[in-house]
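Note that chain A is present in both complexes that follow, paired respectively with chain B and with chain C.
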Partner chain A sequence: MKLRRREFIKLSAAAVGALSLGGGAQAFMPNPFRGPPGKWFTREVSEVFSVCENCFWRCGVKVYVEGGKVRKIDGYVGNPKSNGMLCPRGHGAIAQTYDPDRLKRPLIRAAGSVRGEGKYREASWDEAFSYITEKMLAIKERYGTEAVAFFGHGTGDRWFAEFLPGAWGSPNAAKPSHSLCVAPRETASMWTFGRGIAGHEQIDWGNTDYMVLLGHHIGEDTHNTQLQDFAMALKRGAKLVVVDPRFSTAASKADRWLPIKPGTDTALLLAWLHVLVTEELYDRAYLEKYTLGFEELVKHVQEFTPEWAAAITDLPAETIRIVARELAAHAPRAVLPVGRHVVWYGNDTQRMRAFFLVNILLGNYGVPGGYYLSTPPVLPEYPHPPLPLTPAAGGCAGVGAAEAPTGFRPAADRNRFFGTATAIQELIEPMITGEPYPLKGLWAYGTNLFHSIPNVPRTKEALRNLDLYVAIDVLPMEHVMWADVILPEATYLERYDDLIGFSYRNPFIQARFPAVEPLWQTKPGWWIARELGIRLGLGEFFPWDDFEEYLDTRLRGIGSSLEEMRTKGTIIQRGRPFLADWEARGRNPFNTPSGKIEIFSQTFADNGFDPLPLYTPPAEGPSGYYRLLYGRSPVHTFARTHNNPILMEMHGENALWLNADEAAQHGLRHGDYVWLENQDGVREGPIKIYATQRIRKDCVYMVHGFGHQAPLMKVANSRGACDNRLITYYTLDVISGGAGLRNNFVRIIPGAPRPRHTPLAQLAERSL
Partner chain B sequence: MTIDSASDALHASLQLTAALYRSPTAALRDDLASGQVAALSDSLALALNLPAPALLIPDWLTVETSFVALFVTNQHGIIPPYVGYALDNELLGPSFEALTALYQSHGFTLDGTFNDLPDHLSAVAEAALLLLEAERVDGALLLARQFLQPWFKRYADRVLSADGSGLYGPLTHFLKLAFTRFTEVQDEVAA
Partner chain C sequence: MPRYAMAIDLAACVGCAACSVACKLENEVPVGVNRLWIRSTELGTFPHLTVEYRPEQCLHCANPPCVPVCPTGCCYIGEGGLVLLEERRCIGCAACIAACPYDARYMHPAGYVGKCDFCEHRVRAGRVPACVETCPTLCRYFGDLDDPNSTVSVALREAGRVDVLRPELGTKPKLFYLNTPAKFGLAGNHQEVVS
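Coming up: the complex of A and B.
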């Protein structure tokens, strides 16, 4: 009696050798510690250049492969993002590639099951593509191409939030890295300087003498070389002032900590402008040469005295005055470095405008010791027909397309705000209401919908309304297990990706080469996008033969090649970092309507916004509630890394920072567990109390990204609490489209049980 | 059908292993529908003097979704269908390397239609079947004892308690008993 066999394995008759019966499996095992003393390898080691995907700094890395397995990852000298060093996330990325919880093959939601139930069957790639294609074409037929939304985050988001929607014809493509992160600063920068900030904040740390961090998470977000530069500036003797309701890691290194009342930063900035203007502590020559609207600013800031700001910010007027004077004394080598996550209270573009205006009065923009002018690398596109739509997703790299699409309906979030890039959270409502038109399809690439987009219940309701929901990811995140089709992506160590170009002092291009073959049936994002594109009748936009040819063609456009890149990893071009460099070439860096730095924004005035920034008080919470603040862990990135046992061993649970006096009033001790309940009655936790004097009494703080409710992620699941589930409310910044997320409040409910977590190693049943 | 020898019994155990743990395809569906799986397991139980597994043959969607929940998405706890993981607590660890080295030295090749790790239960079972059919009984026993049996020892009870299909749980538990029986016999012979 025989069952039907699958002939995937062959035995060569000639090669049948003797098999030992003794010793168990151990008899065959090479001893990993058998190598020469001090070496971690026993066999030949190959080195492969890549780019880390474990945060959004994108360090250039060298991957060391032994016996077909990645053994080690490190930074390399010559790469401006790593400079030969790497953070724990970079080193620990190996554990993600070899994570048994990974998505392994395409899955299709079982017939008769509902979204969120998590019932799936395996499918071939062909079957999955056919399923998606059929649904996509049906949506197109009934609602138009615009009815499919595309969300993306990560290096591969170029394919899913830009290229594919551009080819398909949907303006509804968005990245959380824009409206849930940098939108206000990019919008403010564009309308002030005519230039974005982009993905590598352009601070000339090496020459600055005085730094003021305002809500900046440096040291806690571990942006590798930024942190290296910052540390070197401190070592060199640069002065540091940190403005933060919390005594952050950076504050612990500071000369002054200004524990500002949350939400009042604009008042502080206006007061600094007042001091600089009224005491004539500005760089007059710089202002005359490069700016427009200073006279209006002089009138505007007269009433914003330090005393006025002191009553709002809880900071002493004298301290406000002193810091302004110290800034001026060190100008132009004094700087307020721009941070990344700046969607706080809803008036964020105006706050960022005020922030930039202080820098402008110091005369530091485009000047050593202040902001250098980053330029993007020269890197031609692979030649393909123009996409029907110009991508408008924005992201850290800047703002989206400025022009409304021709022949297509405008994005479904239009008319809600002024900015040009799509706002991801504003695309949720149309999925529910069908207004201004229905969104019936959604692609989510690397975007954890439940950990990033505010108001999770609303997001779930939107998902229930869709005709098609496709998730592309590496891990079975909670939102992934709601999808109709799950497409497993290879980890970054297993794939090529498009070339990664960075605007920088000297712009550069870095490449990602696959170090090992993809495990299981996982595929790179670019492959998925192209295969789908071809099936959707968009093959003309994907004309390359294979991806190596694609990359090589792009590199040949700058006189290089894929082979050269394979040996170098990074190509650095020459930039024009300072105004003097531009002037030497007779060029103007300011792409504003006036061609100058616009202190007074006529464009804002014409569109009904304040042309000069004003302070708007943030919403106050109910009595007995604390404002919820959140931030970053140095060893985690967003909600992406919490299934990595190596990183979780370092930081396996978040805690709630609560002022020690407040904790005492609640009868809470350090380490007690509590529930949190927000202003809408949403309960979250348990979370451990971190009772400390390092935070003001009117707010609490927790690290973002913990508290997964993803049972298929065995390490991450249920560890810590999730801030985003408490963020049910946001205030839309009507200029940038950013979602002000810090207008949520929580009350503390003592008496939560201490979670009984199985030790990580035991739970995960994997080696640490 | 009767199973007359230890070699036949091992062959039957390996066939069941190879068929059961690979992604469900038409081959398994046909074998379930035709009663081949049930008949083979009954015969094997008889030959090894084991209680026959009380199999339910669920509808095909249940087979597919149960397989994914048990062995792909780890819905019921980690039950990776990889013999190396059962031995090492990690993917592509030393036991994986030992097994692939063994494959290499004995001329096994996996073709492109097998999109899984070489230490997957079904691959190891197929390799053992090929050895058995090439009259390399010792080799087949080696793979069964040193790679397959530890997996069943570690995970069979978990599959039994987690499975809702009525197929994977009982058969996995039964195969655990079968592979244990081979080990006992081997030990008796060696003694």
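Coming up: the complex of A and C.
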């Protein structure tokens, strides 16, 4: 009998067991040293409603507390974001609260040290606030309030990227979730439908019969309810086509996989438009009733034949044709569901326009089986004086205000692009050049400056130029350890937050209640924002003392109360999901200049952009280089969860997906370690090779968020490699302000050492 | 007496590990060992590919090799056919770990053996195991095999294909895999030949 290693280990374990049995009768007695205590569920457990913060799907959860500790987190039935289910990140979030590496008390950078050295002294909250206030007022005095930029990501970004900058008077508030994520789709959607996509992508999965995923990675981005809806659609027998250079998880569920050449998606979409138009496979009644500019589209797409697209996309013309016909055969219950991270090549708004046009020809927008129309929740503000300005930080929630604030200079990223929401990466350059005006202060709330914003060396240079850099975070991330003042936020399980409302089929509002007391001297974001606001002379905008009273007042505005929320967790309102619902009330959902769906965009034409989308080929890489693609892991969120030992046990290191034939050419085998070097000579790694059939030969892929260089984060530090450090170059989408991040190329340098790390089990034992 | 079983629809599973993490927290399983894990296998050549995402855990065999080898009698077949382990009486001899052909048991760092018990505490209370409740792809079914109307019986009846891991061992698992992505069944099953 041939023994595999695993079996050998098992047998040797058995042998040890046999030896210990040699001790005699005691072996048969209950062992007093090993008796496991009763588990948490055998004792008294209390339940608290909350909203998960381990990704930004923000599922309503129930938190189980026993013995003063959070023991488990589950979804609950009655919450439209969880439906009683949860993803791995939601369950594993507990480990962040009890992470011994957390920021514990305010820190002020040691006198005489420079940013990035990581030398700090502990400070009281008062001392930290005084330090910030003094610097803020000095910047205001010398450069004006606009000279302070505010970056925010997460539920608390309402305070730090909207409310506080609005009260303070800076339009330079930005969220990575806009120009590094959804900006092109929101801009395209606004100028096509007069409505944003805004957060929860409004696909009527429950009624669709044919789905084409393009730039959508369900199963790798475990957006809880989206995954539920997708899985149910497949169970129902809906057909699935996946367009991806990589055989993604979703592709493994597909009836058809289209391994497209990266960067050529617009050509494919134009060819689909061509087939739908020339074969008259569109919904004529829908187009006549709701749209404007179809005639122009007919002329526009004549030359974009499947044969034309085949030469560009590396997909067979016949396949392109068949998919278009199948889409039409299932219309309007056929849909191209919009994905999230759409900043790829710099021409992304036009690609998203083409993407929406296919949906429009299928007649699915506002129709069952296609896109439903989401309705925002009704929830009044706590009464406060009007803010001096409303920053257009954008984000998943839409494109923001269009008007320049009166009495203030426009945001420092203006005139670089057409879109109205602020582009976070375009605020970096002004910190260095002082053009169009200086930015001398920066607040980073939950925004990982080095893992999200492209061109890390430039970001570091910008940070060196500031007069004040404040970081508010939970963990000592690399960028946090550059700040002048570090303010430790409590984790979501330890704090209230503002009410969280979602635009949805039937909109809803959910509340977060603290399950346990904050550990150490950590504080909730709302408390930090208010205390600082008061010290900055903005007390009039925070006319509440007690946050429970604040929440209760807002809830009373919709006939509820904090007490009701405490027992329900979620309040569901009523929406108008389909065009028929709007028409029944004589309302028009399309807030475009024409009041119709604009196939042809006169606004784009007036601003010097193509009024109908065109394909622009992306730049090719140097010979011997692969296009760098990146994506998500189902157990991680951005670069936020990599110090969580439970989640790291599930996925503790990213690998470089390399086509197996290419790997063989490099003499590389599965599991070998390599260095990566990008077109600008930046080296990253070591990273493990995943030699696979699941990717084309012209690109490589890695999961985003790994490769932290943060020695105080004992679990995350140096595990895996960082994609963002290789993204030194980006192509600005001049329409939306999005940063096209997939125009970077890497070459592979074999022979990197295999990294050594402390075992996760050992690190996990430190958990509180 | 019910005969509890679980079925996992591999056509739905995406290998996200929600089940695995839920299990860890529910059952206080320390980092380093797992009652439930995901095995993913890539099959085929470009562009004709498939990937099997397969959650694995104790199969609650009707004929479990782990039970008879236990010297203390702490491994037993409990109510409803659950293969259980009385941790308090376990001496950590690891005989059961060696006997399990599925690697479903582990040594807890405190010196006793652990394994999936289909969340016996929840099942007793009329609830489904934590992994079943939380799965966002709704790929898990749990219930009584002897009840033709139980969710698991219905799922088994309606499935296009039903497999168990290594049927040739005669262990009679009560963890079933439905609708394998590969036509030949479970990855690894067909090549699991002992020389």
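Everything that follows uses one rule, which is that the second predicted complex is superposed on the first by the 722 of 768 C-alpha atoms of A that agree within 3 Å, B and C clash if a C-alpha of one lies under 4 Å from a C-alpha of the other, contacts with A are read in each partner's own complex, and residues count from 1 in each chain.
Definition applied: a residue touches a chain if its C-beta (ideal position, glycine included) is under 8 Å from a C-beta of that chain, and two chains touch if they have at least 3 such contacts.
Not measured: the values here are computed from a predicted model.
In the superposed model, C is the one of chain B and chain C that contacts more residues of chain A.
In the superposed pair of complexes, A:647 makes contact with chain C only, with no contact to chain B. Of the two partner chains placed around the shared chain by superposition, chain C is the only one that A:247 touches, whereas chain B remains out of contact. With both structures placed on the common chain, the touch criterion links A:669 to neither chain B nor chain C.
Applying the stated contact rule after C-alpha superposition, one finds that A:574 touches neither chain B nor chain C. Using the contact criterion defined above for the overlaid structures, shared-chain residue A:659 touches chain C, although it does not reach chain B. By the document's definition of touching, of the two partners only chain B reaches A:712; chain C does not. Of the two partner chains placed by the overlay, neither chain B nor chain C lies in contact with A:754. With the contact threshold set out at the top, residues 1-2, 6, 10-11, 13-14, 16-17, 20-21, 27-28, 30, 764-765 of chain A are in contact with chain B in one structure and with chain C in the other.
Across the complex, chain C meets chain A through its residues 9, 11-12, 14-18, 20-22, 24-28, 30-34, 38, 42, 44-47, 49-51, 53, 71-72, 87-95, 97-98, 103, 107-112, 121, 133-139, 181, 194-195. The touching residues of chain A, when paired with chain C in their complex, are 1-2, 6, 10-11, 13-14, 16-18, 20-21, 27-28, 30-31, 33-36, 39-42, 71-75, 84-88, 90-92, 94, 218-220, 222, 224-225, 227-228, 230-232, 234-235, 247, 249-253, 257, 259, 634-635, 645-647, 649-651, 659, 692-694, 696, 759-761, 763-765. Across the interface of their complex, chain B is touched by residues 1-17, 19-21, 24-30, 32, 67-69, 98, 100-101, 103-105, 107, 110-112, 118-122, 476, 481, 519-521, 711-712, 714, 764-767 of chain A. Touching chain A in their complex are the following residues of chain B: 1, 12, 15-16, 18-19, 22-25, 27-28, 30-31, 36-37, 39-40, 43, 61, 64-65, 67-69, 72-75, 77-78, 80, 85, 87-95, 97-99, 101-102, 105-111, 113-117, 122-123, 126-127, 129-131, 134, 136, 138-139, 141-142, 145-147, 150.
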